[in-house]
Amino acid sequence: MSAAGSIRLDNVTLGYERRPAVHHLTGVVEAGAALAICGPNGAGKSTLLKGLAGLLAPIGGRIVWDGFSPRDIAYLPQSAEIDHAFPIDVLDFVSMGAMRRIGLFGRIGGEERARIATAIASVGLEGFEDRQIGTLSGGQMQRALFARLLVEDSPIILLDEPFGAIDAKTIDDLVTIMAGWREERRTVIAILHELDLARRAFPQALLLAREPVFWGPTREALSDSRLAEANRMVEAFNRDAEDCRRDETPHAA
Amino acid sequence: MLHELLVAPFVDYEFMRRALIGAVALSISGCPLGVFLILRRMSLAGDALSHAILPGAAIGYLACGLSLPAMTFGGLVAGLAVAVASSAAARWTALREDASLAAFYLVSLALGVALVSLKGSNVDLLHVLFGSVLALDDATLIFLAAIASVTLTALALAYRALALDTFDPLFARRASPLGEWIPFAFLALVVLNLVAGFHALGTLMAVGIIMLPAASARLWTRDLTMTLPLAAAIGVASSYFGLVLSFHSGLAAGPVIILVAGAAYFASLIFGQTGGVVRLWRPKRHLEG
Amino acid sequence: MDLSRETRAACPRPHTLVSRRALLGALALLVAAQFPSAQFPSALAAEKAPPPRLPVVASFSILGDLVRTVGGSRVDVAAIVGPDGDAHVYQPTPQDGRRLAAARLVFVNGLGFEGWIDRLVAASKTKARIVIASRAVTPRTDGEGVDPHAWQDVANVKIYVANIRDALVDADPEGAELYKSNAARYLHDLGGLDAEIVAAIGGIPQARRRVVSTHDAFGYFSARYGVEFIAPQGVSTDAEASARDLARIVDAVRAHRVGAVFLENIVDPRFARRIAAETGAKVGGTLYSDALSAPDGPAPTYLRLMRHNVKQLTEALAP
């Protein structure tokens, strides 16, 4: 595992076609941090994660990956973005994680094979190697995705709603794996709707409602008052919005 | 008797042997590509690209007259240009791949027709450019064999990368800097095979042989590593029986090969193990566990 | 890859027809030039305007050549399907429509050669008289219907020339002298050509008078001069080949020991080469069937076209 660095956000605005989904966010994600990102629907959480992963360029401010490239980041998208009908079995799917190391054309040698087998076992999918991913249940698919992440062996892991719509047993198993990552001093950032899980497993939290509401220790971030504040955010875009001038110095009259 | 029917035509006539070799070469390289086209939801791309190559061939014709190498080269360049442009547009603008391909190929086609009409002497350009499987000369056979080798080598090396990009392009792009180029490279291979196919075998056959066996193969197995060779095998069989049929019946060779491939498709629709109608009507008993 | 040797020259020479105004102006000048030339000989010599040219259109290059020869300096001929063009699959352009509209006479081959001419004539709303050059020619039929390539028999071309002459005389009686003398001279030349061909073919041993050609356009030539043409494709240039037909041709070539295979100047030459390679027959030169060659080619006029074809045949079939 290569060394992780920090991710710094300088007054970052992320969005689509000039509409900000994340508005003026500043902060640092330290190496080895475990950060939960929470907030109401439409708060810009997925957008922020994409920005952190280097998939979306900011429309204001900048993101600095200190000491590493965003390519080294392992990113777990929401499950809907994967083509489940594709004819690939679990083993091949999990093996994809190795491509980062061996390249697109490399062979999967003995060491990689062992790593893949361990990953599959860790998530409890032994015996599922030959199953087509289209036949997996939601929980099984999520396990397979985690197995791929394990194989990737990345120092920074970003997860977008990893526990959506899966059974409690799977959630417990996956939380255990995430705890293991923390022990290995990997940086873990996860978007979570399950607030009790956030309180349980993540020391830091960012409460986002397009603008940052609070970024700091989880207990404070997810306090009732803060949560109420976040919920007051308007979801729809302001149709009559003008150019944002917050960053400019005020003109002398 | 069977020998007379099935083997004798190829023994007695060299043009039949050449036709078989050429069609087999195209099947082996084109059919696996067809499987990926289907998986990438680009089943109509072959047809679109076949029109896109026209202006390139037209420019070749304007520059060098009825010169097949010039027109082939021109066609290749035009096809690659359209493939690359539509991929780039799909990546960086709001349009998806199917819309951007449609846009580019239509412009390309119109440009080609306009260019040809410029010349005045109105030779049916496409008719000349697109040959027949029965008239394969040495140079064309070598060309086909070369394309087949390049395609097979590329598929063998990049099969996993291509599957990955088809299935989870986000991951592919992040796994390697080369990941960006996979869609371009794939389309380039498709254009190469299409031009080789048109040049040697006629427009109908080239697109048909790429898509039909692939569609049939998908109805028999879900395993990708099985689908690819099965598609190639169906293509080869269609070529063989199509040629035999053309020989004995007097029907034109190219269309008959495609009709045989079409018959295979219909049979697969009905009897296919993983998608056929029969399986739905008479399901087997479920397994123990 | 074998290169077809047809290198195009620049675009065909544009045959701009004279506009109506220019024609009137020229006519006015012609009238003026009728004033007694004895009074102002030198001045008139300088001022004498060229005679007005009759605008005519011919449907394809060979016909255009015939019309030009008979019409001489009194006609301005434009051919719709130019050299090396394929009249069977030709797509008319708006320019063709304009030419037709401006013409006084339109010469077509007839016999179903120009499938597109009726629509073009209707669309152009031309008031020109349509002259069918093959009128009074005895047509041949083959497996595909009527064979339009009547000009491959020189005797038929004599009939064409007579029809052309008569049409020109009718449209432009003042030029009658010129047309008649041009036609007479040309008919004489054609007679000579005909005799030449008969003699040349006569020099080939009977048993060897068989060739394979890619285009089934030589039926009239074959019937008249006694050379058998076997064609892999039908009369239309876009019929696609079947394996059985090709096999039959190969068999025929082998069985009859056909000496030569010929390529035609507008169809995919690969078929002929394949047959030649498979049977050991010689590949002859290009035979011109439906169109003249470019002006710098071997067949820029009808006479040279026929002579070229015969030369290719005799050379290829020489024992």
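First chain written, first letter: the chains are A, B and C, and each begins at residue 1.
Here, a contact is a pair of C-beta atoms (placed from the backbone, for glycine too) under 8 Å apart; a residue touches a chain by one contact, two chains touch by 3 or more.
Keep in mind it's a predicted model, so treat the numbers as computed, not measured.
Peer 1: What chain pair has the highest count of contacting C-beta pairs?
Peer 2: The largest set of C-beta contacts joins the chains B-C.
Peer 1: Determine the chain that sits nearest the middle of the structure, using the mean of its CA atoms as its centre.
Peer 2: B
Peer 1: State, to the nearest whole Å, the distance from the C-alpha centre of subunit B to the C-alpha centre of subunit C.
Peer 2: 41
Peer 1: Averaging only over C-alpha atoms, locate the centres of subunit A and subunit C and give their separation in whole Å.
Peer 2: 77
Peer 1: Please name which positions on subunit B make contact with subunit A in the complex.
Peer 2: 39, 157-158, 160-161, 163-164, 166-168, 170-172, 174-179, 182, 222-224, 227
Peer 1: Looking at the complex, which residues from subunit C come into contact with subunit B?
Peer 2: Against subunit B, the touching part of subunit C is residues 1-4, 6-8, 11-12, 81-86, 89-91, 93, 237-238, 240-247, 250, 266-268, 270-271, 273-275, 277-278.
Peer 1: Please name which positions on subunit B make contact with subunit C in the complex.
Peer 2: Those in contact with subunit C are residues 9, 12-16, 18-19, 64-69, 117, 119-124, 127-128, 131-132, 134-137, 139-140, 143, 202, 243, 246-256.
Peer 1: Can you name the residues of subunit A that touch subunit B in the complex?
Peer 2: Those residues of subunit A that touch subunit B are 55, 71, 73, 75, 77, 81-83, 86-89, 92, 96, 99-100, 103-105, 132.
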